[in-house]
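In the two assemblies presented below, chain A is common to both, partnered first by chain B and then by chain C.
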Partner chain A sequence: MKVLSKAKLEEALNKLSEANEVFVPMQKKAQSGYFPWNSFVSGQDELMLEALNVYQSPKGAVLPQTEKMYRYQQGGMEINIEETFEDSHPTIIFGARACDVKGILAMDEVFLTRGYEDSFYKARRSGNTIIANACYEPGPNCFCNAMEVDCVNPAGADVILRDGGDAYVWEVKSEKGEAVTAVIAGLLEEKEVSLPQLKPFVQKVDYSGVAEKLKTMFEHPLWDKLSEPCVNCGMCTFVCPSCYCFDIQVKMWGDEGYRFRAWDSCMFEEYSREAGGGNPRGASKERFRQRFLHKLEFFTERYGTPLCTGCGRCMIVCPTDINIVRIIDAVKEAEVND
Partner chain B sequence: MTDKDHKCTCNDQPLVPKVVEVIDIIDRTPDVKSFFVKNPSDDGLPFQVSPGQCAMVSMPVGEAMISCTWQEEQEYLEFAIKRVGLLTDELHQIEVGQQIGLRGPYGNGFPVEDCKGKDMVFIAGGIGLAPLRSFIKYCFKHREDYGKITILYGSRSQADLCFKEELFELWPQEPNTEVFVTIDNPEPDWDGHVGFVPAYLEELNPSPQGAVAVVCGPPIMIKFVLQSLEKMGYQDDQVITTLEMRMKCGIGKCGRCNIGSEFICLDGPVYYLRQLRDLPPEW
Partner chain C sequence: MKEITNKLQEIAARLFNEGKIDVFLAWEKGEHDFQTKSYAARSVDDVKNIIFNEYSIYNVSNSLLKFRDGQERIGIAVKGCDSRGIVRLLEDLQITRDRLYIVGIPCPGLKDPLAAARSFGGLGKKQEPEGLAQKCLECIQPNPVIYDELIGSEQTPRQQGDRFAAVREIEAMTPDERYKFWEDTLSTCIRCYACRQVCVACDCRTCIFDEMKPQWVGRETNTTDNMMYHLVKHAHMAGRCIECGECERVCPVGIPLMLFNRKLIKDVGELFGGPEAGMQYVEGAKPTLSVYRENDPDEFI
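Up next, the complex of A and B:
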């Protein structure tokens, strides 16, 4: 099999970075997330390919946290609108776990299907290659297996890396994968590597029937109890690999400025507040319910797969210990009156 | 209800507005103005719009989804806009000749074909007449395709009545058409009906036989009108309404305007009541 020796990893990342922005999981001071390899400071930053999940998912490579869309100039009675889309250079996400790749596949559904293609997303995504990293040892918060994700064989990956100790097995899965492989072909070797067996998941989650059951539970009293600790901080939505909601905002200096989009959160009151003051989800409980129903029911209904990928990040970052696994359990156990 | 064929003319860049010019502004009420727009330098219509569709109106301060009125052969689009927030405040201060941004059209629009052959009952409150007016005008333009037309409109006061010329002069002259107008409270120089729309509707009691009711107005009015219609024998597939939610993208991507798995900007805003019954009660 084709392998990339770990001793040659940095050389490979350098090579790939010549023509691509390569997002690699790393710890940068207090932050852990996917950052461009060429921002890596040796001795200060730490590569996190061995870690299961860094805090920030790689979704920013295809849906940046903020993204300029167009310039807006007003001069008296005239205006000028000029697209200022930031150059969409080719990108590689290196080392993404299957759950995070699934997050991007979910966003593909949103941004590239159902009537309209989002041109900004399309430009970034079409130049994006995913080199996924297979998981063999699920972490304490992992439950991707319950959310239609195969962590050993990540769907949607262009290349799959398999950690075989001293080397990564390099498995090409697509044409895009072929193209990046050609770039580092000189660094790959032929070698037999034995791979580990997938260890059992610690979290036991059963999502089967949840989407259907939730259809009858919009007004179920369990939402009052479950949502009570939520402080609507929005952390869960920002670390989520599949949360894609965005706001469109404007920045003007006098008569000139630009319009941009930015990650938004259904946890915030302004998210759905209307100009006249009305808000269909003005109460914290209503926003909490929206988030979980979107993840577990609405998205499944519309796109055929849940919007939760089982990465477990939201459970780790939540300051009030809200836990999507316990919510799925509570839904499964809830009594429903017909 | 998903994957509809949309009629957008700007698919390459659906989020980037085009520049249009305001060619006329009419005061409809103290806080409602109609803005008429066309392409700059007089070369016609920005895009065609079906009754009930909306477009995103853009100013430096932001964007908002507004119901749009257009008819065949009309060389401009009309937006009747109430001053309620940041963007609409700014819009109300502009003058004729001002350029603004516009993108669209968005949404499904009214089922004008489905309703052919039916008696039409239009029930509106306040600025809610704006989207219905597109459908009403469409019916008058294709008069032979529709049966009796009943229009019931209410607003808080005389001053707040929108489209007075149409309500009191043009529409009542149309064949087989009745127009009823009410205001919430008595006023010295008002000899018309006084009272809320739902009660007046029950008093008028238009027959559900072969009829379709189309409703738009403040949420509280819609709620009670739907109850009245049910009481009067209207079935859920004889009642149509058009919803509003906060919107940012207009193309079903940004997330916020969902009700259940529906995105109101893309799959709506127009729904039969029977469709709404299947959705979570957030409308």
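Up next, the complex of A and C:
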């Protein structure tokens, strides 16, 4: 099998970075997330491929938190779009876990299917290659197995890395994968490496029937209790690998300006505020319910797979210990009057 | 701590049985032993869920905001920092004193459940220090400043040395160095607004950052908009921050937010003197920078 020795990892990242922006999981001072390899500061930053995962998911590589869309000039009643910023520069997400890759596949569904293609997303995604990192040791918060994710064989990856101790097995899965492999072909070796067995999941989650049951639970009293500790910050949505909501806004000076989109969060009051001032989700409970219904019911209804990928990040970051696994449990156990 | 838990449950049960409260705000156990969450007990049957342990760090005074428009009579358990939050809400007329029965807990210093969750979860750095939370090491007021009943004995403030040492370091920088420092630090902000949401002093009904007509602060995550967000948010805290440190504790990208707040505490102290925010409750009293007078000698703020 093809392997990349860990001793040659940095060299491989350097090589890949010659023509690509390579997003790698790292600890960057206080931040933990996917950052471009060429921003890596030796001695200060830490490569986090060996860790289970990082705090911020790689979704920003294909859907940046802030993304300029177009620049315009206004003259009387005319508006001229001077420049659009569809960006297809080559990017590689290096070392993404299966849960995070599933997040990107979910975004593919949203932005590229059902009759409308988002040209900005499409451009970025066309230039993007995913080198995934297979998981053999699920962490204490992991439950991707319950959310239709195969952590050992990440769907949607162009290359799969498998940690075999001193070397990563380099498994090519697509044409894009072939292309990046060609770049570092000189660093790969042929070698037999024994791979670990997948360890059992600590979290036991049963998602079966949840989407169906939730259809009847919009007005269920359980939302009052579950949402009570929530403070409606947007942390869970921003660290989530599959939350893709954005808002389009404008900045202008006199006759010129630009439009951009920026991540938005269903946790924010302003997210669902209507132009006339009304808000169908004015209360904290309603926003909380929306987040979990979207993750566990609505997306499954529309796309046939849940929007939660079981990465467990929201359970770690939440300042008030809101736990999506316990919410799934509560839904399973809830009594519903027909 | 078990004793405090028992005592809290006893007091809450008594208050429910005597018909003095409709809800009791405290903490309940979270998913793991190192997690707790804010809890609203609504009857004597719920009282058994109330706990106080070394992870009961969340500032529950913030939970009062969810009740500000109601009529419920509220029992609430508070540590020193939480109690200062109550004073802030009383001063801002967000809740009335007669709705509250305050149970004070002199706080021995607690641990940070979020740091523990990060270590446990395997995300980011593998292990984080297990000792007292940073905010507790910097605590100047472990004892509740307002209460109807007190559990346990007084604690000594844990703040050692110069409380403003870190602020002085920033002040000593040249303007360019200082700009660079904040540019680097604030460029990492992801604008999740957790610092605002957990802040008890952020009690505005409509927040300037949510206003769209006009939009005062841009929504791009870049240096300019991020700096505007933080400058405006923290400037609003001048004379109001009760130093509970929750903003800094919950920040997912580790921005040292208390540097802003301590700078303002220091400046407000030097410029105006007087007690710090939430340190004492005097009915009708207003904190520094919260009073408007038509005959103010200055033309405008």
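As a convention for this text, the second predicted complex is superposed on the first by the 331 of 338 C-alpha atoms of A that agree within 3 Å, B and C clash if a C-alpha of one lies under 4 Å from a C-alpha of the other, contacts with A are read in each partner's own complex, and residues count from 1 in each chain.
One rule holds in what follows: a residue touches a chain if its C-beta (ideal position, glycine included) is under 8 Å from a C-beta of that chain, and two chains touch if they have at least 3 such contacts.
Note that the structure is predicted; figures quoted are calculated from it, not measured.
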Would you mind checking whether chain B and chain C clash or fit side by side on chain A after the superposition?
-> fit
Touching partner for A:302 - first (chain B), second (chain C), both, neither = first
Touch check for A:312: first (chain B), second (chain C), both, or neither?
-> second
First (chain B), second (chain C), both or neither: which does A:273 touch?
-> both
In the superposed arrangement, does A:126 touch chain B (first), chain C (second), both or neither?
-> neither
In the overlay, answer first, second, both or neither for which of chain B and chain C A:39 touches.
-> neither
Between chain B (first) and chain C (second), which does A:247 come into contact with in this model arrangement: first, second, both, or neither?
-> both
Counting only touches as set out at the top, which of chain B and chain C does A:216 meet: first, second, both, neither?
-> neither
Rounded in steps of 10, the angle in degrees at the Cα centre of chain A between chain B and chain C is 90
Check whether A:116 is in contact with chain B, with chain C, with both or with neither, and answer first, second, both or neither.
-> first
Which holds for A:208: it touches chain B only (first), chain C only (second), both, or neither?
-> neither
Least Cα gap, in Å, left between chain B and chain C after the two complexes are fitted on chain A = 5
Which positions of chain A sit in both the chain B and the chain C interface?
-> 247, 249, 273
Residue positions on chain B within touch of chain A in the complex are 2-6, 8, 11-19, 58, 60-64, 84-88, 95, 97-101, 219, 244-246, 248-249, 251-261, 266, 280-283
Write out the stretch or stretches of chain C touching chain A in their complex.
-> 30-31, 35-40, 58, 62, 66, 113-114, 117-118, 120-126, 188, 190-194, 196-198, 210, 212, 215, 218-222, 246, 249-250, 252-255
Could you pull out which chain A residues touch chain B in their complex?
-> 69-70, 72, 74, 77-81, 83, 110-111, 114-120, 218-219, 244-250, 252, 255, 257, 261, 264, 266, 271-276, 278, 280-281, 286, 290, 293-294, 297-299, 301-302
Listed in rising order, the residues of chain A that touch chain C in the complex are 27, 29-32, 46, 48, 51-56, 65-66, 139-141, 228-229, 231-235, 237-239, 247, 249, 251, 260, 262, 265, 268-270, 273, 284, 312-313, 315-317, 319-323, 325-326
